[in-house]
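Below, each structure is written out as structure tokens.
In what follows, chain A forms one complex with chain B and a second complex with chain C.
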Partner chain A sequence: MSTVFAQGPRTTARREGGAPPPRRRGLVERIFGETPSAWLYIAPAVVIIVGLAIVPVFWSLLLSFQDKDPIAETTSWAGLDNYRELLDDDAFRGAVEHTLVYTGLFVPLSILGGLGLALLLNKRVRFIGIYRTLAFVPVIVSATVQGVLFSVIFDDQIGIANGLLDKLGLGPQPFFSDGRQALLLLVLAGLWAGTSCISFCAVIFLAALQDIPRELTEAASIDGARSWGTFKAVTAPALLPVTVFLLLWQTVQGIQLFDLVYGSTAGGPGDSTVVVVYFIYRSIRESAYGIGAAASYLVVGGLVVVALLAWGGRKLAARRAGAGAGAAA
Partner chain B sequence: MTTLRRKLPFDPWHLALLPATLLLAAPLLWMVLASFMTSEQLYRFPPTIIPSSLHLDGYDYLFGNTEVGTWFLNSLIVSGVCVVANVLFCSMAGYAFARMRFRGSGVMLTIMLATLVIPFQLTLIPTFIIMENLGLIDTLGALIVPSLVTPFGVFLLRQFFLALPPELEEAAYMDGCSRWKILWTIVLPLARPALATVAVVTFLLTWNDVSWPAIAISSDGNNTLPLGVASFRSRSEQQPSAIMAANVIATLPVLLAFLAAQKTFVRSIASGAVKG
Partner chain C sequence: MRTRKRARIALVALLTALVALVVAGCGSSGDDDDGGGGSGDGPVEITFWHGQNQTAEKALKSLVARFNESHPDIVVKAETGALSDSLYQKTTAALAGGKYPDIVYQFGPNVASLARSPKALDLTEAVRDPSWRWDEFYPAAQEATMVDGKVRAVPALIDSMAVVYNRRLFREAGVAEPRAGWTWDDYRATARQLTDSGKGQFGTGWPGVGDEDTVWRLWPMVWQLGGDVTAEDNTKAGFSGEPGLRAFTTINEMAVTDRSVYIDKTAGSEKMIGIFNSNRMAMIPTGPWQLPETIEAGIDYGVVPLPSFSDRPTTISGPDTWMLFDNGEARARAVTEFAKWLTLPEQDAEWDVGAGSLPLRTTTAAQPVWRRHSAEVEGLDVFVAALEDARVRPTIVAYPRLSEATGTGIVEVLLGSADPQAALDKAVEGADEALAGD
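Up next, the complex of A and B:
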């Protein structure tokens, strides 16, 4: 915050509109090089984004080293106690495990499914508009509604899923009353609808597919490339940037999973579908802020380490490849 | 492929497209159907897939036993205020970042970019404490304030403004038009597609969000629609058709908006990723 307002006095230096437009800089602007009134334009954004995103990130870190007594309302320095407590806590370890299982299944499946769906929806056939509408509708469904919907469809007593299994002559499944199946059903529900589902990935891939000039794919097929060849030579490289984006995005969405759980299992049966954000939610409800903050830092810290390792590995591989190419030349 | 194409009166891709898209839409279609069934129809084993008759029992129960009208209004207020605020504040900030030179612009832009990738759980607890100190916990204000401005909107509009030709603005400037007036009378009317995207994304995110409302709201009368639906489900497991009716009502506004402006929706969702 202080760095923001350290610029404050400048805003009084000149009135709005006192400077010529940025493209044609006059002498005054070349000396001062700025339009101080701009700070008035960005002030609401700065207050909200710095105040409720940047400040909390550091505050969380501070909180994670503190212990707050909810009754006496006193705060004491706890050092690494919260972290130690969490590492010994089976509920937290379970939450991390469930989050990793969910994310590990959800990210690749949603991206592959989205890619397949996008390739289908990119075909030039009749009624493609209707197909696209049907395929895109799940994106706008709230994850909570989706959770509620799936918990009714896959209810072990009255669910239509068991009804269908019965029609197929198969035995009923416990579904949401079984911990392991419940977690897999959450993955299925997450893939099916919500702001990060298969359809969402398909929207992104389709937009990227449509940015590929038709001439490029046509040229490739005229040159005798079969459809797989065209895909490998033209389509796949063009989709690489969005795929990287989706990997990052879907992973962040995966570790933030909450709405689906809240709408369907509420962490149950037992604690078998408690995920990290649900764990933090419960610690806020119990006013255990220190534990909750430490939990978020453990998870995000872990992810950052993984991301850095992956990035470092890629850099290293690229350098090796570069060195190899250099040696060959 | 070619032999198949000759035999069929239609493109063989329909054979993949039709089942795939129907499968994706199936849970939603069933949700609508189930909301018009009675609990008896749903409780029968094996459960009914296509009902023989339609009923309004679920809706009757829902409206008679819950504050669904209040939830709906709450959602409308939260989403409405956030959409208007985002369009306004993101335009202002985006315009400043695109067209004005000022000390600290680079730093502020980088800071905002960084917040795009901060996972939500890191900011959760301090945000809760801040809202508590502002006396906003368990009010709609707690849901509105953190979503007044989104970094996504600022970036999207900045990119859009940068792509506009500056000549028009310069001419207006020479004629003595203030920057504020230029923004309102020249830039924003040109930016309608980008503003629509910001509005759609803000509406979708605020209407559907439950993570933060679940933490910030505790009394039934302050529930948003999805939050109310979830709490209703956990309270009345015996009323599946009423639960489905609640689901339908929570989805309907977004669904109607989507069907009315599908192109804008799809472009908005894609713009977040491809250009963002």
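Up next, the complex of A and C:
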């Protein structure tokens, strides 16, 4: 914006001939630029972002090096002790493991499921608008509600799921009272509904699918490609950028899993569904601020690694594509 | 161009610093804002986090209104704060943030931990004043407020554990109702008889989250068997060996072998109480605070003392407290006055009825409000009588961590994921660690 305004007077000055006049700029203008009021407009946002996002980031970094007791009001410098303690802590290592298992299952399943659903929703059939709307509904379900719902349905003693198994003549399952099954149920719940469920992936894929010009697929079929061939040669390459985005996004969502756990198992039975973010929440709740902050920074480290991998992967793919097709933008 | 850029950077830096200052300021202003710190004019305003809902909240609100009317120089602002289960966390956060209420409801096991705060008032001197009539509080209630020989809280609620049972389910199954003097073997057999998985009916229930609600039910068993929560002056777990093992084994046999126990995996044990209140659980070990809900649900119930392992019918009392915090001298004085008034017999009786508490003071039991209530509510007398055989948990800082380790062990035997001996060994080890770290 400011550059647009700035260009006006300067060109007129030039047109009038000679060097630009040594216009004296006032103090306000010198500090705030030529559009000082713009600062005023963005000030509230700056205050909010700096105060609620940037300051806490550094504050918690500081906290992670401290041993702080918020009740007794004592603070001592701990250096890397919190980090060391965490890496030695079986509970934290378990949390990391659960998070990796969850993410490892959740990301590919949600993306594949989303792709399948999107391909179905991309068909030209009657009432497709209704199907698309219905498919989007799970995205708006709150994850906490979802967690509570699943814990009711899959309660091993009073849940409907075991009642159904019983009707089918099958033996009852422990579900949420067994650590491993509980973690799998959380994956299922994550895929079923919530802001990063299968439906969410499907919506993103569907948007990309609809961007593929029909001429391309038609041309491919005229050239004799069958549906699998069309998918491989036309659809899949067009979906690649979206898939990379979804991989990154879903991985971040998987690592940040919290509300489902909070709403259903609360980390149980035992510690078998404690994931890293839940671990952080529990640490802070137990007033172990230093440990919680250190754990947060370890999670941030993990997320940075994921982001770098995705970025590196894209770079590599772009270079390869560039080398193959000559000049690419 | 360069200078302008630099000026902008300077400006952004300035803004950042300003915001940081504002935020830091918000974070640590303790007693310099609202509510009449102490400068004499106008009434002193104090904030009250009561943590209650439903009938208890209603009773409190009317009491607070009456206090505000009769004490024109003090204004009590009553807020829920958070429901009592999460008030400890909320209070900790508030203390860390520097803006905290003057009086807060706290579970007994948290008093020792919060008493470490330099802002927690020490009431040892204050309660010596005869107007407090401190000696009238039941010993169990007094004990829960004492940390290292000092009074750090005011009794807020007192209960005892007994078994509430569903008369209709006993009648339908043709099983004789339980009677005082029964044993845990009787309890186990009865629970098995009254379990009907086809109808979704359970003999009894046990919270399976592993929190304090899971744990406090264990202590009466341990005490009856001659063990204790801690031993050797709070330096070691007191439930290792025979007492712990027999208690763990009993729980394991009922839950895993007999499948007569509904294991509530949700925090707060609401589900378990819900099942009892819908005629699908025969017996539930619980406190008197559950009765209002059970009555409202129209359950035909009876109350019987806890079963025993020996001839010792020991039960547990889990007193809760009001904790007071220092927000300057005037507010501290006001809140101390309020806490005293709130627990005097006339007010206590009213609050006890609303909250489902037993009388905090011996003199409360003589109040007409309480007498009427006690005559009306079936089984309340059993809870009151059980107080005589009730013991309390130790008020030590390490208790919450000891409880966590013990809770993990109980959940393991409930779910059958470890055998009783292994689960007990791990629980004892965790408890020992918690006590050593103190």
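Going forward, the second predicted complex is superposed on the first by the 267 of 329 C-alpha atoms of A that agree within 3 Å, B and C clash if a C-alpha of one lies under 4 Å from a C-alpha of the other, contacts with A are read in each partner's own complex, and residues count from 1 in each chain.
Methods note: a residue touches a chain if its C-beta (ideal position, glycine included) is under 8 Å from a C-beta of that chain, and two chains touch if they have at least 3 such contacts.
What you see is a predicted model; the values in this text were computed from it and never measured.
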Where does A:65 make contact in the superposed view: on chain B (first), on chain C (second), on both, or on neither? neither
Look at A:287 in the shared chain and tell me whether it touches chain B only, chain C only, both, or neither; answer first, second, both or neither. second
Determine, for the superposed model, which of the two partners chain B and chain C contacts more residues of chain A. B
Could you look at A:177 and tell me whether it touches chain B, chain C, both or neither (first, second, both, neither)? second
Could you look at A:269 and tell me whether it touches chain B, chain C, both or neither (first, second, both, neither)? second
Between chain B (first) and chain C (second), which does A:73 come into contact with in this model arrangement: first, second, both, or neither? second
So, does A:231 touch the first partner chain B, the second partner chain C, both, or neither? neither
Could you look at A:35 and tell me whether it touches chain B, chain C, both or neither (first, second, both, neither)? first
Doubly contacted residues of chain A, that is, touched by chain B and again by chain C: 33, 39, 46, 50-51, 54-55, 151, 155, 158, 266, 285, 289
Can you check the complex and tell me which residues of chain A touch chain C? 30-33, 39, 43, 46-47, 50-51, 54-55, 69-73, 151, 155, 157-158, 174, 176-179, 265-266, 268-271, 285-287, 289
Per the contact definition, I'd like the list of chain A residues that touch chain B in the complex. 3-4, 7, 10, 16-17, 20-24, 29, 33-39, 41-42, 44-46, 48-57, 59-60, 63, 117, 120-121, 123, 125-128, 131-153, 155, 158-160, 162-164, 166-167, 192-195, 198-200, 203-204, 206-208, 211, 242, 245-246, 248-249, 252, 255-256, 258-259, 262-263, 266, 276-277, 280-281, 284-285, 289, 292-293, 295-297, 299-300, 303
Applying the document's contact rule, which stretches of chain C touch chain A when the two form their complex? 3-4, 7-8, 10-12, 15-16, 19-20, 22-23, 89, 92-93, 95-96, 113-114, 116-118, 200, 202, 208-210, 262-263, 265-267, 271, 275, 400, 408, 411-412, 415, 417
Of all residues in chain B, those that touch chain A in their complex: 10-11, 13-14, 16-18, 20-22, 24-25, 27-28, 30-31, 34, 42-43, 45-49, 89-90, 92-93, 95-97, 99-105, 107-108, 111-112, 114-115, 117-130, 145-146, 148-149, 151, 154, 166, 169-170, 173, 178-180, 204-205, 207-211, 214-215, 226-227, 229-230, 233-234, 240, 243-244, 246-247, 250-251, 254-255, 258-259, 262, 265-267, 269-270, 273-274
